[in-house]
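Paired with chain B in one complex and with chain C in the other, chain A is shared by the two complexes that follow.
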Partner chain A sequence: MQGFKLAFNYLRIGIMNEFQYRANLYIQILQTFIALATGLIGLNLVFNQVTELGGWNKAELLAVMGVFTVTGGFIRAAIQPNMERLMDEIREGTLDYALTKPADAQLLVSVREFRLWQMVDVVTGVIVMIVALSQLDWFVDFWSVLGFFSALFLGAIMIYCFWLIITSTAFWFVRVNEIANLFEGLYAAGRWPVDIYPNWLRYGLTFLVPVAFAVTVPAQALTGRLTLQTWFGALALTVTLFIVARTVWKVGVKNYSGASA
Partner chain B sequence: MPSVISISKLAKHYQVPEREAGLKAAAKGLFKRTYKTVKAVDGISFEIQPGEVVGFLGPNGAGKTTTLKMLSGLLHPTSGGASVLDYEPAKRPHDYLRQITLVMGNRNQLSWDLPALDSFDLQRAIYGIPTEDFKRTRDEFIELLDLKELVQKPVRNLSLGERMKMEIVGALLHKPKILFLDEPTLGLDVTMQKRIRTFVAEYNKRYGATVLLTSHYMADVEALCKRVIVIHHGQLLFDGDLAALVEKFSAFKTVGFTLDNPATDLSQYGDVVSIDGSRVTMRVPKEKASAVTSRLLNDLAVDDLTVEAAPIEDVIESVFSVKKEAME
Partner chain C sequence: MKRYFDYYTSMMKFSVMEQWQYPVANYFYMIGMLAEPVIYMVVWSAVANQQGGTVGGYTPGSLAAYYIVWTLVRQMNIAFTPYGWEWRIRQGRLSMSLLRPIHPLHEDVAFFAGWKVVMIILWIPLALALSLIFKPDLHPTLLEGVVFFVAIWMAYLIRTITLSLLGMVTFWTTRVSALFELYFAAELILSGRLVPLSLMPEAVQKAAWFFPFRWAFGYPIEVLVGNMPTNDLFIGLGMQFAWVFFGVVVVSQIWKVAIRRFSAVGG
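And then the complex of A and B:
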């Protein structure tokens, strides 16, 4: 309960912070527009040659693109900025303040930053999804809606855990900022459903960097492909990743000695 | 009265990689590392009673910050024990963290782009302070530190001193019982230092809080602390009254007087520290001070003669040199 209150307060602060930098909104709109345009052009180029890609038709792939944009926006709004701040604070020894607060330290370091303008991506992604669904004449039923939102939620948690594990290694290796760039590169692969990739890459994108669960699986739910088996797989992996992330974090904090003054 | 802070034989040793300079040594370090043990804190013990303001002194690298970090739960001691308010700090129980605060003069926790008021609100949420209490305390502190005009400005637009005052308000909103202040006046001008000092004294008086303070500015220590603890190389050198420290370690007294002809050779009386116009300041061994002053009065036409204890900076310096000799 205190966790929600705290997250809400930080969210409020984060939003107020972002209002100070209005220019960022316009830059973000431009960026989203460019990303959307290149995405759509790519999709059209592909479908000029073929009618179907790995069993997905054009409207379905548009739905994948929608989910990709929504999740990517959320990661850049809420997950990545927190983790980058954490990396900096571990390196500079300023994590001290977070650790002397009477709140769960993991929760605290995970909710402190919020980049509101990245939500432009989320909104745009939702619009893309709606367009895709209207082309698919989607039948809205309770289970597919629940499947979609729960898959999206599990995917977000998995990506968060992945980031936290990587970031926590900063307790030992100190400099891990390059990981952020690496993630961007790997996440870009999620633009397409992972079924189209060779096996080794598909497994990598599923279990090492859970892009498959963050994008492909929710898109499966949207296009009526989600099986109960996959859903339970997602749940199991989420729980496992969460436990691993929490353990790595705890051991890391114990190991933390601060860049002593 | 039972003590609020009690540490016994507290130690923190670090293993740090050690290598020689140069590329070859660096490459070797990739495969085989040799480690050296650094004893940042090496078995110190002391007790602090409720409401005490204690100055924690020592040169850079003496182990002051490491000790404060162990007391605030950030570092696990290598050995020995620490108990604060009957809690074990290293376990960082929330009930403990709610009653302490850590202020570090060189680090900020307020949000850079926002007015301090918004960051204060965040502290309220983190510490779960009831809104009424929060408002009362906040306004009281703002009043005491004369910050009314500044709380609505983004923190980045404040001067260093103003920012530090805000930091202190933010760090005390939950009315902690124990204050760990690590160089709270670092880099501030004299007026601002004084302001912060007065505020800490006032907070201590109003709420009966216990304060453990490190500072390089002896004025802070003289103004706030009756008792001082001096550490060096991680070991305790002195623990007691500031006055006793001065008494014990000050080998010299400062003798000042006005002389019509400052060109007179004064070397037979003691070391001349400075001559400013007709005003002469001399350093005289403590035990000879009375003899020297009477001779000065007899031999020369001196006026306005004063005898003062050596400045506290000099005293601390002599503590370190005396102990160093003893250790070698």
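And then the complex of A and C:
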């Protein structure tokens, strides 16, 4: 309970911080708009040539793009800023200030930052999904909706765990900013359903960088392709990743010697 | 002339030595950039396969060739970012360069040109790996090879010029990120970076002729990958030279006005 209160307070502070820089909202809207436009252009170029790609039609791929935008927005609003701050603090030795606070350190380092304006992406993604669903004649039932929200939630947790594992390697390697760039490149692969990639890449995007579970699986739920088997697979992987992330973090903190603060 | 030659050779040497110290960081940087072309390649190969083997004149093999050459041209396209200009001007870092008896832009051109040498050497193993995986269909002639070699360096100059011009906008205003984003989006569409231009609608292909983007990106790739008539090879080089010439004139004129506005101290 204490944890929720802490997270909520940091969220409030994050939002108040963002309100100091309202002009950034307009820049964010423009950026989101440009990203959406280039995404739609890419999609249209493909569907000028074919009517379906790897078994997905245009409206269904639009749904994938919606999920991609929502999840990407959430990552940039809540996950990435926290992890980038953590990377810097580990390198500079200022993590001491977080470790000495009387709260669970992993929780604390995961909730300190929140970029409200990035939620423009989330809103835009939801609109894209609604458009896609209306093109699909709202062919969704109760189970699809439940599957969608649970898959989205599990996907977000998996991405968080992935980031925490990568960031925790900074306890040993110190400079890991380049790995963050690598993630951004790989996440872009989620714009398309992972079924179209060659096997080695598909496995990589499923188990190494859980892009498949964060984007393709929720989109499968939305378009009525999610099987119970996949859903349990997602649950199992989420639990595993969470345990691994927690362990790596714990060992990492033990290894941390506070460089200079 | 000799003064410039000496300056360029020592600056490039310096940059090669500096960048060679960080092969791992440079590699991560390059691998991160590989995701983009691999995604395009896979998507368009899937489209080509579904259409019975070709799309817009490209087979999966020639698409693989296009996007593997793409990775080299992308490396050649890296120049001092316009976002860096903002930092340079706001923090007054430019003062230092202005004290030297040589135009500050030469420093950028020479430094990044040296870095390219390191990047090309590091790129070769990556290109071999990509070739083993995706089996590109690439049979350049000697002439195409020579034109390509010239074209990638001209592409580098064109992109340096356009990015510097964009960066120099910061002399007037520091709220520039919106402008930069628009520029990069236009470049993505019109350069042949997103897809080979022959997959674009007719109107876009025609428009692309009049912008610098395609000459700095799509054209060098097509030289090596497409079966361009010899005539077109040289028309392309001509367009590149024209853009560089025009760009140098514009940059030097704008620079004269812009530099008067620069007032930062320190740095």
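We adopt the following convention: the second predicted complex is superposed on the first by the 257 of 261 C-alpha atoms of A that agree within 3 Å, B and C clash if a C-alpha of one lies under 4 Å from a C-alpha of the other, contacts with A are read in each partner's own complex, and residues count from 1 in each chain.
Assume contacts are C-beta pairs under 8 Å (C-beta built on N, C-alpha and C of every residue); 3 or more make two chains touch, one makes a residue touch a chain.
No experiment lies behind these values; they were computed from the predicted model shown.
**Student:** For A:99, using the defined touch cut-off, is the partner it touches chain B, chain C, both, or neither? Pick first, second, both or neither.
**Tutor:** It touches chain B, and chain C stays clear.
**Student:** After the superposition on A, what does A:181 contact: first (chain B), second (chain C), both or neither?
**Tutor:** Once the two structures are laid over each other on A, A:181 reaches chain C alone.
**Student:** Give the label of whichever partner, chain B or chain C, reaches more residues of chain A.
**Tutor:** The larger set of chain A residues in touch belongs to C.
**Student:** Regarding the shared-chain residue A:1, is it in contact with chain B (first), chain C (second), both, or neither?
**Tutor:** Touch partners of A:1: none, neither chain B nor chain C.
**Student:** One more residue to check, A:198. First (chain B), second (chain C), both or neither?
**Tutor:** second
**Student:** In the superposed arrangement, which partner chain does A:9 touch: chain B (first), chain C (second), both, or neither?
**Tutor:** Touch partner of A:9: chain B, not chain C.
**Student:** Output check: A:42 vs chain B and chain C. Expected answer is one of first, second, both, neither. What do you get?
**Tutor:** So A:42 only meets chain C here.
**Student:** Does the superposition put A:54 against chain B (first), chain C (second), both, or neither?
**Tutor:** A:54 sits against chain C, while chain B stays out of touch.
**Student:** Where on chain A do the contacts with chain B and the contacts with chain C coincide?
**Tutor:** In chain A, no position sits in both the chain B and chain C interfaces.
**Student:** Can you name the residues of chain A that touch chain C in the complex?
**Tutor:** Counting only chain A, the residues touching chain C are 23, 26-27, 30-31, 34, 37-38, 41-42, 45-46, 48-50, 52-54, 175, 178-179, 181-182, 184-186, 188-189, 191-192, 196-198, 201.
**Student:** Per the contact definition, I'd like the list of chain B residues that touch chain A in the complex.
**Tutor:** By the definition above, chain B touches chain A via 14, 40, 65-66, 69, 72-76, 92, 94-98, 100-102, 104, 106-107, 109, 111, 113-114, 118-119, 121-122, 125-128, 154, 182.
**Student:** Using the touch definition up top, name the residues of chain A that touch chain B in the complex.
**Tutor:** Contacts found on chain A: 2, 5-6, 9-10, 13, 16-17, 20-21, 94, 96-97, 99-103, 108, 254, 256-258, 260-261.
**Student:** Can you check the complex and tell me which residues of chain C touch chain A?
**Tutor:** The contact residues of chain C facing chain A are 25, 28-29, 31-36, 38-39, 42-44, 46-47, 50-51, 55-56, 175, 177-178, 181-182, 185, 188-189, 194-195, 199-201.
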